[in-house]
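First the structure, in the form of structure tokens, and then the observations on it.
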Amino acid sequence: GSQSGKSLVVSTFGSSTPQRTSDIFNPFHQKSGIKINPQFSNDPSRFTQMEKNPDSNVDVAELSESNSVIGMQHNVFKKLNLSKIKNFKELSPAAQSVAKKTDSVPFSVNSIGIMYNPKKVGKITSFKQLWSSKLRKKIAIPTMSGTEGPGILAIAGDVANKPIEKDGGVGAFQELKALKPNIYKTYSEGPDLVNMVKSGQVDVAIIGDYNVNMLKQADKNLQYTIPNGTYANYDMLSILKNSKNEKNAYKYINYRLSKESQTKVAQMNTLNDPPVNSNVKLSGASATDKTYGMPYKVSKTLDYKFVNSHLSSWINKWNQIINQ
Amino acid sequence: MHSHKVLNVIGTVAILFLVFPLIFIIITSFGTGSTIEFPIKGFTFNWYLHILDQPDMISGLETSLLVSFIASAFGLLIGIPAVYAMFRGGIHHTAWFQMLFLSPTFLPEVVIGFSLYQGLIITLHWPMMISLIVGYFLLGFPFVIRLVGAGLNMMDPHMEEAAWISGCSRLKGFFKIVLPNIKSSIAAAFIFSFINSFNSIPVTLFLSGPGFNMLPTSILNYMQENYDPTISAISVILMLITTLIMMLINHFMGLNRLLK
Amino acid sequence: MAEVTIKNLELSYDKKHDVLSDLSMKVKNGELVSILGPSGCGKTTTLRIIAGLLKPDHGNILVDNHDIGRTPVYKRDFGMVFQSYALFPHLTVFSNVAFGLKMRHLSRHEIQNKVKQVLEITNLTNLAKRFPSELSGGQQQRVSLARAIVVNPRVLLMDEPLSNLDAKLRVEMREDIRSIQQKLHITTIFVTHDQQECFAISDHVAVMNHGKFEQIGTPQDIYYHPQTLFVAHFVGYENFFKVEKQIENNEYQVNHQVIHTDFDHSYEPKYLTIRPNEIDLHQHKNNQMNEFNGKVVNFSFLGGSYRYMIQTDLGLLQVDQNDKDKFDVNDSVYVSLNSQLVIPLLK
Amino acid sequence: MAEVTIKNLELSYDKKHDVLSDLSMKVKNGELVSILGPSGCGKTTTLRIIAGLLKPDHGNILVDNHDIGRTPVYKRDFGMVFQSYALFPHLTVFSNVAFGLKMRHLSRHEIQNKVKQVLEITNLTNLAKRFPSELSGGQQQRVSLARAIVVNPRVLLMDEPLSNLDAKLRVEMREDIRSIQQKLHITTIFVTHDQQECFAISDHVAVMNHGKFEQIGTPQDIYYHPQTLFVAHFVGYENFFKVEKQIENNEYQVNHQVIHTDFDHSYEPKYLTIRPNEIDLHQHKNNQMNEFNGKVVNFSFLGGSYRYMIQTDLGLLQVDQNDKDKFDVNDSVYVSLNSQLVIPLLK
Amino acid sequence: MKKRMILLTFPGILALLLFVVFPMVQIIIPTLSGQGSFGSLYLNFLKDTYNQRIILRTLWISLLTTIIVLIIGVPLSLWIARMHHRIKKILILVILFPMLTNQIVLNFAWIILLGKNGIINHVLLSIHLISRPLSLLYNNTSIVIGSVYLFIPIMVVSLLGSLSHLNIEVEEAATVLGAHPSTTFFKIILPQISTDILTGVIWVFSWTMTSYTTPQLLGGNDDLVMSTLIYQQAMTVQNWTLASVISIVLIIISVGCILIIRSLIKLLDRRVAHA
């Protein structure tokens, strides 16, 4: 790890790197005197590096919930001492409970919503509507191997009234099979989806919050809705097992969870990250189209231990049913 | 006289096919829409300026150029002597050597990235940057073997013999006679190993860490939440850089001899 | 400036058929020796072995009695003209020629002078700035020659250096080669298939056939006293008579006819032979020795002389005559063989 | 089987220096015409233009009075022997030769037979399965020759097809070429720098110099009646006398001496010339016409004859003598020029 | 001499032993003994009919791509090789551009071009060559188009050098002997560059087999190929053992195919040589 007392290695997502630097790392540096040495890259490759290489000099990792849970199971992180996190009590109850079950603490949340063109398909308010025969070949959904994959399966299970926790996803896949005629394509990259929407090949897309802006810029007619019963999916902070910079790491985590920072990065013009700190108050454009407020309150959580133990077989099944 | 109608048709169509998407990219880089679109509605240079607001794309460009350059040079340094020995050294079983030297071609880039991460970084504790150079080296090495090998094969062996008889040692003869006659193959090998490593995403994903950015991953990162003409603009910048490199090569060794 | 000895060379490219077998020869200090032989007999191969470019399966190359088998090519200080020229395509004519001098670290000034001088001899002065690809075949060959002689090597090896030149230039060049070689006293081995060239230029000639030397001797030896059918044929004898038996000391039976000769009868010739231009052709019987009746089958102009094919009791004879239009096809003629000019062949 | 006319050909490689300028010639049906000329004079260039491989800047090629400028090369049904052989490196000797026949869609059986026959003529039967890289220079040349003649083309173009062969084989091959050419009546253009070869084989000879034909005529014409200094030199005349003035009808002043001649005095010669072998050399004054005193400067063996350099009042003369060891350096001698053999040159 | 020459190959051999063989052995070892008996992972993977279909699809796409690249690339290289210097310079540059352009960007360009409302369909419709838009996107066709585009430059590169070095007189000899230019092309030019074609084929084939971006972006739901499968296993499920298994299978298959192609070409070559 970074030996100097005045710096910290943070491994984080590769999106919006200028904003991460200017709106998180720089203010933190000003406040604490600790310089952040960032690694920007995609979630899986960073996690692979951390998992396989205990000597990687990363101190703090910002990862998706799924990988954070695998990290815990594979003993990649230190157990967090929640008492060292002053802001922990300000977090939403759901976030707190996730933190207690894992070695990580949530700092942001996303959920699954529906982007659609009301002029072409009318208003959509529930997931159930996606199964309507009117939407034949009109829907794009993310692949199972993406962040939203498990959530979509869970939603399908809910629609079929066969929650995946009960039957391991059997009923959910039945329901997905029924959805298949409506699926134009599964996508893995946001721009891919933008192209489909722009060229009018799909009118409805199941997406994660973070793609909302990109799509709305592509087509002004689009509307976004986060129906009831959506699933939340946290982004989490963890301290790596071999970090020798624990003190600075906690300072960073505290800063990241602070009302001040959470408010800042939740703004539309920066990272647009939905906050998990309950004290954060958003208004205007920054408050809409994201897992904040009502949508967050009604969202459900997935048990990623359960999800991860099934993920491999689910992907297989998905490949065989949807990618067929 | 040496070309023929059929050849002209195929050649022209193929070149159009190759140019088509490029023109498309160039045009979209000037579009005013906030996503890449075609045809464009207005004309602007803003997306080029926008690149300047992406510090890690710029630092990524610098590091990528540097690392690819070092890796390609390293490939030439190791590859040229090996090729010379294989084609001019009277060594037996050159087929086996070739098989080994060309083996990186058969490895999926993800596997190269991952296996080097395991082998060099985890097991041997090599620094990330060195491992990345190694990864890029593997992506370019087969080009050196093939292109320089082809260049050597095309050279009249009597020429080198004539140099020896003129009092030139094998080493000197290599530099004075062989090298000038294969320099275009060397230039070609360099360009292609450079390009192939410069563009590699999977290898870069595994072998980059805190402290440095590489251009391909920066672009990939950017595209996760943005789909605006900035990425067309950066592609156009890369084309301009290529043109610049080719002009330099043209200046120093004559492009018409390149690939000749 | 060096004596070259080749000893018992053997070589085969495919480990089955010998290309060279047991080849030996000595070239004295400052001598010019030609290797003369038909296409494919192994001349180039021999030269490459001497140069050190090819390892023989067997045998040695000695220079001044030192075996140079282990001396690297570039330390031998030899010069070589390649049959395929082997010019450096990336260098101009001037730089091609200057190359060897640069390797010997001569001053710029010296290089300039020497190259200029050689380019003049080889008629290349105007082409100094061209690249090899812009030269005609013969011009390329001259560059190759200039490149080899300019360094004044210990031993000069030339592989048909004049084959692509016209007669006039060839004569000029061969005289230049000869005079340079003699002035500088360079031991030279010269491969050629041109008999006249070889005779005009050489101290000794080695006639090669199927990877063996058939005869080594002075040009006069080879020309006037070929010892084998092969050599005789090669140097221009065309009429061969298989000896059926020796009748008397100087009389031999050939095709049921008798030929009188003048040579030392202790020889035991297998064949007798005589040159086409040494046979006398006349219209009427002269009652000379060795006179035979015949009929003109055919004739052709050779430039300066005509060659007649005459059917006689001895067989089909080839006879050269300087006179124009003397005889016509189907004319009946007489040929007579000067007994002094009939020579014996041992095999 | 076709008449070839070339008309006013002009070409320059660099748009500055003309390589060919205003070249014209007619080759009759079934004739063999040689182009004879020094290295770099443009022989190969001319042949390539005729074959259609090079577009002239100007001028036409007619076959049987049809301009073939727009006929693609492969439809011309020509045969060509390249100076550099240009063998197909990936094909065996057999397949190289068979190539043209395959293009003409002959049956396997016919191809087998024809190729076999030609390989025999060219002495290549044993090498049929080899690849070009495994052949000696001369062997490659023969393959190239075989490949061109096997198809029995309308017009056969040969670029120094025999230059890499030994004298014996060269004579054999040229006779084979000649007999095939005559038997099949193939119009042939033959490029060579070998005078004798050219005379032995040709119906007509075109002597080329600097991209122009200096003289076109039968071999005898060229040999006995060269019209220019260049042609004379090229066909073996070595002694040239610049005419200072015409004294009487048949007497010309040369170097303050007088030379008597026999030719038609309506000529206005610039030079007089005589061959080295047509000068008589003797020890004592004979009081003949055109007799001059001189001193032996130097001599060399040419194979069959010796060449003496004699310093006389006319200048340095070259004289060939058949006898061995007759004169030595510095001997005082007399030369006499047979007035019948002195010929006039127009430029 | 030979002994000292072989020393020159040592840095290369050392580098590849250290950078290819050693890391590969490291990732192969866990795949051999993974749960169950020796090699069971491989058997399980290969037994699955779904995986078999993926393998076949991957092979089919690679083969098709290689053939098309060959058909376009060889004449294109010849065309460029025979161009005048100045034009040749520009053409080489044009060939290099696609290689230096970011693959993702390129593929998005193709997505837009090939889409239902894309330029290609637009043009085809407007000249009435088709009456309904072709579905060019998100299927094997688009993967092949994208791959062909990427790999034509590679093929050209591997051929251009040798083609520029060919002795023109050899072709002229064939032409004079009556060979139509196409015959000259097939019987004289191609055989002389057969080894370079082989290299080009090896490159294109193995790179299509292993390339990830193009099939990922241009392929549809039912167009999973082996490399996307590897990516899925490695990056999402973090199942590196299975990813390694698939990779090894992929490598063995591509090497196997290359060997087959190689011997086919050799066979063909011999027939040409002795015909």
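Chains here go by letter, A, B, C, D and E, matching the order in which they are written, and residues are numbered from 1 within each.
In this section, contacts are C-beta pairs under 8 Å (C-beta built on N, C-alpha and C of every residue); 3 or more make two chains touch, one makes a residue touch a chain.
These numbers come from a predicted model, not from an experiment.
Common neighbours of chain B and chain D, by the contact definition above: C, E. Among the remaining chains, those touching chain A as well as chain C are B.
The most distant chain from chain D, with centres taken as the mean of CA atoms, is A. Top contact pair of chains, counted by C-beta pairs, is B-E. Greatest Cα centroid separation from chain C: this falls to A. Separation between the centroids of chain C and chain E, computed from CA atoms only, is 56 Å. Chain A and chain B have centres, each the mean of its CA atoms, that are 36 Å apart.
Along chain E, residues 104, 108, 112, 181, 234, 240 each make contact with two or more other chains. Along chain A, residues 45, 48, 52, 189, 191 each make contact with two or more other chains.
Across the assembly, chain D contributes residues 84 that each touch 2 or more other chains. Across the interface of their complex, chain A is touched by residues 34-37, 53-56, 114, 117-118, 121-122, 125, 205-206, 208-211, 213, 217-218, 220-228 of chain B. Only residues 1-2, 5-9, 11-13, 15-16, 19-20, 22-24, 26-27, 72-73, 75-76, 78-80, 82-83, 85-86, 88-89, 91-106, 108-110, 112-113, 119, 149, 152-153, 157-158, 160-162, 164-165, 168, 181-182, 196, 199, 202-203, 206-207, 209-210, 212-213, 227, 230-231, 234, 240, 243-244, 247, 250-251, 254-255, 258 of chain E touch chain B when the two sit together in their complex. Remark: chain E residues 167, 169-170, 172-181, 183-184, 187-188, 191-192, 194, 269, 272-275 touch chain D in the complex.
Residue ranges on chain E touching chain A, taken from their complex, read 50, 104, 108, 111-112, 115-118, 138, 216-217, 220-224, 232, 234-240, 242. Interface residues of chain C facing chain B in the complex, by the touch rule stated above, are 51, 53, 72-80, 82, 84, 86-90, 99-100, 103-104, 144, 147-148, 151.
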